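What follows is subunit A paired twice: with subunit B in the first complex and subunit C in the second.
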Partner chain A sequence: MTVASQLPTEAPKREFRPRRGPKLWKIATYAVLLVFAAVYIGPLLMLVLTSFKTLPEFFRNPTGWPESFGFGNFTEAWDLANFPRYLLNTVLYTSVATAIFVATSVLVAFPIARGYFKGAKFILTLYLIALFLPPALIPQFQLILNLGLFNTRIGYILLFLVNPIGIIILVNYMKSIPKELDESAAIDGCGYYRFIFTIIVPLIRPAVATVTVLHAIGIWNELVLPTIYLTNDDLYPVTRGLIVFEGLYGSQWPQLSAAVIMLMIPMLLLFVFLQRYIVSGLTAGAVKG
Partner chain B sequence: MQFTKRNYLFARGWKSAAPIILLLPGFILYLVIAVGPSMATAVYSFTDATGIRGIAINWVGFENYDEFLFRGAASRDNIAALTRTLYFCFFVTTIQFVLGLLLAVLLNSKLKGTTFFRTLFFMPVILGVAIQGLIWKLFLLPRGGPAAELFSLFGTTSEFLGGQPKQAFAWVIVVQIWSNVGITMVIFLAGMQTIPDYLYEAAKIDGANGWQLFRNVTWPLLTPAANTNFLLNIIGSLQAWQLFLVLIGYRPGTQVLGYLVFAEGFGQTSGSVMTAFRQGYAAAASIALFMLVLLIALSANFIVSRREKKYML
Partner chain C sequence: MASITIDQVDKVYPNDFQAIHSLSLEIEDGEFLVLVGPSGCGKSTALRMVAGLEEITAGVLTIGDRVVNDVEPKNRDIAMVFQNYALYPHMTVRENVGFALKLAKVPKKEIARRVEEAAQMLELMEQLDKRPGQLSGGQRQRVAMGRAIVRQPAAFLMDEPLSNLDAKLRVQMRADIARLQRQLGVTTIYVTHDQVEAMTMGDRVAVLKDGFLQQVDTPQGLYDRPDNVFVAAFIGSPSMNLYEAEIQDQRLQLGPHELLLPPSAFERRPALRSYEGKRVIVGVRPEDLQDASLVPSPTSGTTITCAVELTESLGSEIVIHFVLDAQPVDPGNPDAADDGGAGSAVARFDPRSRCHAGEEVDIAVAVENLHFFDLDSHTAIWG
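After this line comes the complex of A and B, so read on.
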């Protein structure tokens, strides 16, 4: 079907459409959007309201407005849930693994993007097919177990040092940097390592930011791997800590809600400031499934 | 000795090994942590590996597959889990696709407040399964929770996540879509931004109405974004299971294949089902899931590329 084949029969509608159509359309659009917004705001509002209630108050009136807004649940959850430790663990895992991942990835991606050595294309293919390989979960576990790194910080961090999508994003972006830059830098006597970190990295900053944010969010939110690899409470990241907290204080929703909110705040702040990179990273990263 | 191609000008001789040496840490990590284990899954599926250090691993041939697919009550449960995975995939893919498209169409207009709505609908994506799950567990509280109140307005009650397996399963679908429709929406929006305005202008001058604009301009030109979303949703939903973990645990009548792999391989005692560490068996299950994903993704890709030909010539 083409545009042209349908036109003659529809043309007369033009007469009245501009007057009534747009306004009605506008109202209908807002109505639908508001319904959706309610589905998104509703659960969040419930969470916030619950976090300000005392437990008896919550049982008496789960959905209503809290009688007063105090931060008691937040401080209690902070102490009860071993929160500072979990948070420290998450920050440690996320920052160390992301830093190592980004630094090594730039060094992997650049010679591939430039085709500086034989087999560069083959290596890129190896990263591209990663999406079509079976999950590595079980042999990975055997590997970490046999290295004696089960239930250790190093073993856990090791799991997050690779991310093929990150490499692909970097390679694609680096291809847009003109090769003449390499040539003139080399002629001026700039070394390879220095060239990458003082000239290339600043030029590909948007891609680096995207990859960093994508990788960091993945680690921050990871729930399954800590469940598998970490059995020691002292090593838990916040996600795992939260689920354990739920197991222990399951019916104490006020405190649990406060804990959830405290966990959400860093993510939401990050989202507000880095929205562009997060959106581009997660939509590219969604390929991972 | 020259290690790089001629176009590498930074150094000659042995110093030209720098790019390769610097590439190695990242690449070796990739081989050891990702590609190697990924391939090894197939190997482990033929063994009786346990996941306990020091216990010998024996070769058992097709034993795991045989047991997984054909033996006793467990295999019937497995087949049921497989069917359920397909249901989950079907509902999540279609609903998320349609809602994502609808939201993108509504938000692509120049109305006020679109940025707010876009941010709101995308936000759950960054929160991760633990938070997504807990938010909904609270919302779906059977005694006096908001959803229960809403239901009572219509004179019905529900146990939500604690109810019949089918009911709990349906709610996981809802939460899965709530959490991820933002990605679908954003991909559609990105696709819509590449459609030039003059096409709409031209069609309007020819008298096309709103539906015709969508049907004959937006939809065909959105083909790449639609295909991406279609494939992403299929692959993603076939493998998704973490919300089941947070929302209902390993409950009979609700398991999907991904959760089954986790439960068999790493032990899971939540709910009434108790399983041990059977990693060889879990590897076989994960190969079965992988085959399923591959099969469906390839046939979806076939459909999608035919559609692409139709519109792109």
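After this line comes the complex of A and C, so read on.
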């Protein structure tokens, strides 16, 4: 009897939430999400739509649908911004600097992660502090100038060989690899570099992918540094080439949009290609395994 | 294959902590030596020094005829099996097992042959193309063994290789490893904290505590003639009961109980006579205590009456925890802090015993098997 009398009083307690609550809550949630989606997707959509418009059409109707979908802006932008030559420069800078950065970072991060030398923790702290420091533009400029590397490809690539966040991501990921692997490899007769590149790198693929994408995107999209360090237009990356669309009395928005979309595509492809690793790379360390 | 000699080896860490104190051990060619001790006793450090993963502070380490103090791990001709197996997760079993051979530039055909030979020996043929992540714990353990075997090293070094396995698998792998070692005849040093592993696997067992070697002997030798209180308590499960007692007129005063010592006890330990009238530590193994009602004709003066606290029936025997009202002795095993509890002694009775918790029981003590230790030095009293 006692059990039976308890049941009805307990049951409503569990379903205490008002009936309409969940539905309203859901609607509110979706409304907020929609606003966020609009904020994110809106500019992208506008970029795509603008790239198909003529300039007068854009001024008449900046946010609306284009009258026709032609690729005129893309071909014009391709030539005007000197894509064939500048794209080659961008690819060169990005691939060389990223490759050197990733290879050297792995070599730097490993002994720090393992604490294989005195002061490893201190070095890591320095990298962490570096994250919060403003870019040292003027001393860096002086350095490149005095090295005689101003306005050279090598000088420009040198600017992108260090990235503290990359080191920190790699160090944290490497910490999850058991130290016994190092010891086992030492007994097996595996040399240091071979161990790093054939054992460690495959095991930290997510972190390497994350660092690669972060770093490559940074170089690919850089505008300020080429403006400062490169004056010879043979050496310009594409971003610098886009300046042709900025006129004295107004900008060529449709062509600029088309150029920006073309500029985006390679990095999007890289991201899609490495995406399956990146997600686990960014969350690594939060949950082991 | 080779012998290993550890001669007066010390290990001092940069923070001045001395993990190993003047360790000397001789491991013969083909011998299976087990290093055993509680956590922090230095057994793994000792093994890692043999492997070359830790530097040797002082002393000489010889493998075969070669002093290897300053030889790189890869050039010591040893293979190590780690507690967590240390398999390369991104390589298949075949690649894992053959990795060291590949590094040693062994011809591909030879690698394939040796890998398959090892796989057959370890029943891993069907797992060869799987990755470690797809294997069970026991299989991973066997892959780790396979990696050691294919190298045909002078010595195997094993660092608690079974501690990640469940109890049942551990028993099976224990036998497998011991059998494999005998079959291959490779000198082996095996580190464990589990005295059952030590007793069942080793040709000889070295007991370490706080970086000091306590005793090296065959498993039975350690069990029958422990050199000190620590070894006496560490080897054997349930462990030896150790109490303070006094010897008077060939009698042993153990708390309120009086036991008559047979002449044989003094004959086997002449030095015991000099302890007349002094306090000693007396040790009695649980199997040397029996339900007096089951002993056909108990000698007078060898029975004590105690209150039973707890009985654990294991089918083949009954483990009895009872109160012995004498001063217990701490053998100094840091891992056994909660073993039994002060004042509680353990006996292994025949399953026919009908005693129950809360009752008093007459216990027959096999006085001829008692162990005696010096109260101050904790060393065994023999000749």
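Here, the second predicted complex is superposed on the first by the 218 of 289 C-alpha atoms of A that agree within 3 Å, B and C clash if a C-alpha of one lies under 4 Å from a C-alpha of the other, contacts with A are read in each partner's own complex, and residues count from 1 in each chain.
In this text, a contact is a pair of C-beta atoms (placed from the backbone, for glycine too) under 8 Å apart; a residue touches a chain by one contact, two chains touch by 3 or more.
Here the structure is a predicted model, which means the values were calculated and not measured.
Undergrad: Looking at A:27, would you say it contacts subunit B, subunit C, both, or neither? Reply first, second, both or neither.
TA: Touch status of A:27: no partner.
Undergrad: Could you look at A:147 and tell me whether it touches subunit B, subunit C, both or neither (first, second, both, neither)?
TA: Touch partners of A:147: none, neither subunit B nor subunit C.
Undergrad: Does the superposition put A:199 against subunit B (first), subunit C (second), both, or neither?
TA: A:199: touches subunit C, not subunit B.
Undergrad: Going by the contact rule set out at the top, does A:41 touch subunit B (first), subunit C (second), both, or neither?
TA: Once the two structures are laid over each other on A, A:41 reaches subunit B alone.
Undergrad: Output check: A:180 vs subunit B and subunit C. Expected answer is one of first, second, both, neither. What do you get?
TA: So A:180 only meets subunit C here.
Undergrad: Which of the two partners, first being subunit B and second being subunit C, lies in contact with A:188: first, second, both, or neither?
TA: Only subunit C is touched by A:188; subunit B is not.
Undergrad: Looking at A:243 after the superposition, I want to know if it touches subunit B, subunit C, both of them or none. Which is it: first, second, both, neither?
TA: First partner only, subunit B.
Undergrad: Would you mind checking which one, subunit B or subunit C, touches more residues on subunit A?
TA: Answer, by number of touched residues of subunit A: B.
Undergrad: Where on subunit A do the contacts with subunit B and the contacts with subunit C coincide?
TA: 183, 186-187, 190.
Undergrad: Note which residues of subunit B are touching subunit A in the complex, please.
TA: It is residues 3-5, 7-11, 18-20, 22-23, 25-27, 29-30, 32-44, 49, 51, 53, 102-103, 106-107, 109, 111, 113, 117, 119-131, 134-136, 138-139, 141, 143-146, 149, 178, 183, 186-187, 190, 203, 206-210, 212, 215-217, 232, 235-236, 238-240, 242, 245-246, 261-262, 265-266, 279, 282-283, 286-287, 289-290, 294 of subunit B that touch subunit A.
Undergrad: Quick one: which bits of subunit A touch subunit B in the complex? Just the residue numbers, please.
TA: Those residues of subunit A that touch subunit B are 1-4, 6-7, 10-14, 17, 21, 25-26, 29-30, 32-33, 36-37, 39-44, 46-47, 50, 61-63, 104-105, 107-108, 110-112, 114-118, 123, 126-127, 130, 132-143, 145-146, 150, 158-159, 161-162, 164, 167, 179, 182-183, 185-187, 190-193, 195, 217, 220-224, 227-228, 239, 242-243, 246, 253, 256-257, 260, 263-264, 267-268, 270-271, 275, 278-279, 282-283, 286-287, 289.
Undergrad: Considering only the defined contacts, which subunit C positions touch subunit A in the complex?
TA: 51-53, 72-76, 78-80, 82-86, 88-90, 99-100, 103-104, 147
Undergrad: In their shared complex, at which residues does subunit A touch subunit C?
TA: 178, 180-181, 183-184, 186-190, 194, 199, 202-203
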